[in-house]
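The structure under discussion appears below in the form of structure tokens.
The first chain written gets the first letter, and so on, giving A, B, C and D; residue counts start at 1 in each chain.
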Amino acid sequence: MDHTWNDKLHEECGVFGICRRGSEGVVAETYHALYALQHRGQESTGMAVNRDGVIRCYKDVGVVSDVFTPDRMAKIADGQIAVGHCRYGTTGTQNAENAQPLVVNHLKGAMALCHNGNLTNAQELREKYEMAGAIFHATSDSEVIAYTITQQRIRCGSIEEAVRATMGIIEGAYSLVIMSATKLIAARDPHGFRPLCMGRIGEDIVFASESCALDAVGAIFVRDILPGEVVVASRRGVEVYPPIRAEKMGLCVFEFIYFARPDSVVDGVSVHEARLRAGRLLAKSHPVDADVVIGAPDSGLDAALGYSQGSGIPYGIGLIKNRYIGRTFIQPEQSQRRDSVRIKLNAVSATVKDKRVIMVDDSIVRGTTSARVVQILREAGAREVHVIFSAPPFRHPCWFGTDIDSEENLIANHHTEEEICRIIGADSIGFLRMEDLPKLCGDRKLPLCIGCFSGEYPVDPPANRSKHKFEIPLNLSETEEKP
Amino acid sequence: MDHTWNDKLHEECGVFGICRRGSEGVVAETYHALYALQHRGQESTGMAVNRDGVIRCYKDVGVVSDVFTPDRMAKIADGQIAVGHCRYGTTGTQNAENAQPLVVNHLKGAMALCHNGNLTNAQELREKYEMAGAIFHATSDSEVIAYTITQQRIRCGSIEEAVRATMGIIEGAYSLVIMSATKLIAARDPHGFRPLCMGRIGEDIVFASESCALDAVGAIFVRDILPGEVVVASRRGVEVYPPIRAEKMGLCVFEFIYFARPDSVVDGVSVHEARLRAGRLLAKSHPVDADVVIGAPDSGLDAALGYSQGSGIPYGIGLIKNRYIGRTFIQPEQSQRRDSVRIKLNAVSATVKDKRVIMVDDSIVRGTTSARVVQILREAGAREVHVIFSAPPFRHPCWFGTDIDSEENLIANHHTEEEICRIIGADSIGFLRMEDLPKLCGDRKLPLCIGCFSGEYPVDPPANRSKHKFEIPLNLSETEEKP
Amino acid sequence: MDHTWNDKLHEECGVFGICRRGSEGVVAETYHALYALQHRGQESTGMAVNRDGVIRCYKDVGVVSDVFTPDRMAKIADGQIAVGHCRYGTTGTQNAENAQPLVVNHLKGAMALCHNGNLTNAQELREKYEMAGAIFHATSDSEVIAYTITQQRIRCGSIEEAVRATMGIIEGAYSLVIMSATKLIAARDPHGFRPLCMGRIGEDIVFASESCALDAVGAIFVRDILPGEVVVASRRGVEVYPPIRAEKMGLCVFEFIYFARPDSVVDGVSVHEARLRAGRLLAKSHPVDADVVIGAPDSGLDAALGYSQGSGIPYGIGLIKNRYIGRTFIQPEQSQRRDSVRIKLNAVSATVKDKRVIMVDDSIVRGTTSARVVQILREAGAREVHVIFSAPPFRHPCWFGTDIDSEENLIANHHTEEEICRIIGADSIGFLRMEDLPKLCGDRKLPLCIGCFSGEYPVDPPANRSKHKFEIPLNLSETEEKP
Amino acid sequence: MDHTWNDKLHEECGVFGICRRGSEGVVAETYHALYALQHRGQESTGMAVNRDGVIRCYKDVGVVSDVFTPDRMAKIADGQIAVGHCRYGTTGTQNAENAQPLVVNHLKGAMALCHNGNLTNAQELREKYEMAGAIFHATSDSEVIAYTITQQRIRCGSIEEAVRATMGIIEGAYSLVIMSATKLIAARDPHGFRPLCMGRIGEDIVFASESCALDAVGAIFVRDILPGEVVVASRRGVEVYPPIRAEKMGLCVFEFIYFARPDSVVDGVSVHEARLRAGRLLAKSHPVDADVVIGAPDSGLDAALGYSQGSGIPYGIGLIKNRYIGRTFIQPEQSQRRDSVRIKLNAVSATVKDKRVIMVDDSIVRGTTSARVVQILREAGAREVHVIFSAPPFRHPCWFGTDIDSEENLIANHHTEEEICRIIGADSIGFLRMEDLPKLCGDRKLPLCIGCFSGEYPVDPPANRSKHKFEIPLNLSETEEKP
């Protein structure tokens, strides 16, 4: 249903950058863009502002409106270039130190780096750098990227060449926005795992994870950054480097199913339309005889409308979500998870009472949320509840920047569809078929990464899978000192 | 569109009460109920808990999740009876002192009072009490009600009789939930301006402004409190007093149009259905040749679906609202209001591009928001934008608990429909017809107060209108000392 | 030793008022005065500012620098008259509602009231007012005073006459500073329990609990307000009403021993000199053969110097207090109290090692602190530790505004001096003799209240002693509803 | 007078470490030790705790009681080894990123580093490391030390050998406490600029900047760490490495005059006694005919007592300091500095009125504070005010960890003693004579650094003095990108 619940996947991050050539002012734009990208990460946020070549960084744990209060905004000196970042929130460990932008000082000056994605060879590179005496402050991949760029910068004539050289060294998923004293650089990994696009406000250039952030700052969409491409914006204009090619490409399909905002267009495909298509495909593959189709707010609404369009069954508003999110108090009892759903969702009895209801949701992780929603609908008088998911069942880990739950918690890993139906108490359930996934993009033949459903990835997972993530909270080492 | 914007009406409050007879625990229920009633007031919130006859009160400025943090919740001793309140938020002056419950100590013990509504004779009563030496701490009507009950309590044999006697003295709109050492009392003014309903959890009784709060605590809806009725719950059971009759009755019609949650049922009418009906009535009274009907989130969605049903024009998802509300930073510039809309709303280009769009919103106050939304839709490619409001134009003040803007700010007070259409830049606009207002309730013949549209009220407005509100912020007097 | 520890007496409050006639600005002065009076109360603080007859109040739980942050100060509109208050801190229940100034609106306008002291007939008066329909919001005496003034104001021609009439009705200890729309009024109870003085800044008048607050705002000391006196300052000048006489008078002797700041002069007596005298008197009454005299910082330092002067034994700096007070973390263990002393105090080994040490402290309550300090001195190498208290042993309750511990916790109530000496581990101990108390004032023959030592008070304690305090936390009633 | 004023020198830091062998628990001890060392730094504080080889770090801007609230303390998992740090506060730029401990991950595991002092070759080393690809997150010397240890660790067999090798590379002032997965290491630079001592709690070892921190945790003082020495504590016991010798040594003399707490013993000299000696030396070198000697609280009190002892003139308590420090509101006006003194200090009229007063203070920086205090004493009636400083005049910068004001702000740099006397409005002034500085240590012949008075330092200042500090706030670079 929604990214405010634990029973959900988490995106890693959202990135943004702006380089003014014509007008002045980048702070308000970065704020508005981050606010528009907030759905991609709520744990921490930050921005780095370049004023006449001097980079200042402001970042903290919290959502944009908490971190950048009017008081703090008033104290930020405006500038000509800025980058911004929001980071996802897992429960529990919130590390201010992992907040981005990551600003580092190296031989040739300062650099601010924003990263969305996950490397597959971060651990190897880190060990190599440590052998040469490097020290690491945090646990994120981003520090590895920063070191690689720094190392390459010593050999290369410019920061953008260092970034391109870095792309031959680091592997995995990365959409980067990097700021130096005079330049703003966007780079996307050759597989194109995570989205990244470019916009224009008059003469000024912006980069963002999603096009909804361009809208938020009044920018015109120019184009998506191509997989493997490096684009440099500076006072002198825009320079584009020919893309570095990868054997296989694959945009994360979950951007269409859940992560991206429906008003965004990713690699030429409208997210809203992709979800409408998912609903229409499901109306064909999983027809149900029912009275009304409702969506689980907010992420199931588009696919529900599509199902209604495809099936001819009327669309209804059947679930109301309490908008006053925030850290809500939950009774410390057995019924905990039930209440976390109940406090946020209520059924519209007028819509579902005595009706055969089709509820469309985006996906199922643990199943606890779905079970609770089915129960709420039945309590409101629904005669039948059929649950349709606009994604196939999750079965495999993601190595490329999605915080998928551990396999033992994925209900689809241990249960057949019939069992899941029984567990969540539905009258029937349906999943999007694997073969329908490519059709979400309509006419466009976008290469997609569907590894979390199929187990096959565009790039090899890390050899030593258990080592692949040094997801030790910052400033914490489990390694004994080695002699 | 939404109560987070200034360009909106504001409800005064939400009230809740619970009296346990069978089981234990009232704090968590009150929390969840207030959270469900949060849309009725975001300025301040509070609860008073009765533990073995001792009343303790906790209240502060802020929304429920801010005021009742897990830490604070852990410190509240649970009890057998509780009342809760959330208060609306006007911009600027947030007074912790006006927060409710209002807990006072009088001759016969302590009393906690929660009030939704507005009196028309508060000023007269206040002056009368002051002549007798009474002192007032705050500016709200509620202290006047408390004094009246206290005065009557001296003469009456019980708190409930004092409340009934009070209902013969105070005039205007009030839905009250009152707690004494041993009782929980619900009372609704004889005109029935504001909603109030009763529910049951096993043997335990709850009262709430809206039925969605009953759902939130797992209570079964029993019935609405009738206009003029007093209902008393205690360990000994429930006592009902025959309603005090008024000449004219009138539930605020804006509860259906905007205030109440769509999943609530008010005086027997589903709010969602009332809005669907508004949409269907508008499809007949204001037919438009268009390609898609979209709603302004969230309050325009239901009526938009009704318009689609009534007109046969497909329903679409055309506007996306940023859910990460909170105090957002706004540039201190000319473009301020534009940005406050822009930062919260974006168009789904896939839905509106090259389309003739009907956008359904609930009402128009100043017009600035509507103008901005029309612009956003046009920028996203809409060929035509027709704006349909599910209410008639605002033209008159409200004396009964709605914070309507001053008349000079109401666009409909100074402009014809044609002018409004031009001002907001729409291709056409339509308002709900006055004669259709009673039809919102379907078969039920509910007497409604439509004074803000018609200027005729079920009860006379205060004689000296300028004095009617002593809305001086607390602890602030503009009166010179009188000799 | 210090008011930051529980093992200490607590003063009730500090009051301040300023009335400008010549110049402008009262907010900064009130802030600085409250900061100077902070030792008289750390639980809550507030100020009410009168700008052209309109009174605005700002108060909260916390010390002055926490409540009046630069941000908040910037938002307070300055005015011509202001009153301020700081309230004492008991452990645990901190009630924002009991914070003062108490601002009330009555028939003739608004009034802000600041009170230091405690009434003996508050409960009777409260019951009488409640019989007439009055309601009470809080538990402090101050609301009873406000009601009495309001009641009298109806009959009297001016606020100051109402205050004088009130002084014939309320009984006990009170130093009041009251602000109306146009006047600033100081009033002191006829017994003169609590200090109150007047100062002047040019043409402007200030009132304060202690003269140190006059110094803090650059005011010149004019004179003490006499017991029973009412002084009115307004734009028209200063008016003085002849004092109301009481049979017995008695300034609280503990103001000299501990409460007041040593740089204050109270009723013509320098607090510092009173403490020097206490030390000299003790040097005579309790001579000890020792090498060094040290004081327990900060309240024992003056008396220690006096003891040194009187005895000829060198004065030394033997204990260092950590100035970084604040809510310190304490291990939740047995050793709790030990640590709370240890974390704040350390011995100067160079001063006490191998020495026979006389340590002078102001008084002993439970004895735990003294025991701990003796131990710290011994650990630092003191050969002998003799403890001298500059007050007689506490044995009786205080009804006049001192938060004395319950009798069962007073070590002197259950133990002889020999036992106390053994319990705290001293080599010898000494108390100030009762007969020496009057000598603290030197040549001035000040009538003193020494009830906490003698059990005899200038005014009768409340008849029903258990009822005398309705010290139920605000919004909390233990009374069942009475039929 | 006091480190809460700007018109004062600032110490850089305080360090602490504990290694348990016998008992359990290091968190509470670190808290209490940091609280005792708070006077050495109030900007930020932190601790790193080693639990079974895993290091977790907690640090933030603020004083100990603000950063380590009871809530946060409750969440810190206890361990076997810990290090703690408090950092000084300059006005304005408070950088969370410069807070220590600095925890870094390198090839051989994690390391937490706490540093007091300042390097003279940090800039050179930093440039060298950057040439090799190193990146820096912050601006402090400490990151340079961490890199050097990391580089040496690759070549050395153990962390302690790496530390010793590092001591041959880094130059300047440093007292270090370093924690690895299994060891706690203390190291002091060969010149011995900053204090560092060792204590024992049973079998457990602690290191601290000052002995007062040993007292705070109940540790017994063992000995000072020698200049150039490395001491390693682990479960296996304590290992001591022979000191690395420097040509010249010099403990900062200002530790005795102002920085250290009077209850500390530094390199065998009691700080309290050193100050008494300063007072006695001044009584001889600057005899004044006066009636009373008072100290400026708190740092002038000890020397004032010494002056009294040396001169026979009675010691008095003449100035009272408001203990409720915290960020106080200051009027944004011309009179700013006057008020910042006035709000904190008041004279005891009883002590100074009509007296010839000698006021002893520790030192003079800008002179504004002294001028203000003289004025306060005169206003309180002092007939004469003679100001005696227990240090010679400041004339030179400090390169070794003291935040001395820029030379143009040092009053003694531009004015003769006579001029200073006139500027501060004193009747006479006196400074400690240069030749008396060595006598502060009594019989001990401690080599002292008196460079800030003499301009001669035990080690050469950095060649390029303007470059010596890269005191650019974190995440901020003024260098343009270099091609």
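Definition applied: a residue touches a chain if its C-beta (ideal position, glycine included) is under 8 Å from a C-beta of that chain, and two chains touch if they have at least 3 such contacts.
For clarity, every value in this text was computed on a predicted model and none was experimentally measured.
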Graph distance between chain B and chain D, where chains that touch are linked: 2
Most widely separated chain from chain A, with each centre as the mean of CA atoms: C
Inter-chain centre distance, chain A versus chain B - centres from mean C-alpha coordinates, in Å: 37
Whole-Å gap separating chain A and chain D, where each centre is the average of the chain's CA atoms: 47
Residues within chain A bordering two or more other chains: none
Of chain C, residues touching chain D in the complex: 28, 31-32, 35-36, 38-39, 42, 63-66, 68-70, 73, 212, 215-216, 218, 261-263, 265, 270, 272-273, 298, 301-302, 305, 309, 314-317, 320, 322-329, 331, 339, 342-343, 346-351
Touching residues on chain B, where the partner in the complex is chain C: 48, 53-57, 96, 103-110, 112, 127, 130-137, 146-147, 150-151, 154, 157-159, 180-183, 473-483
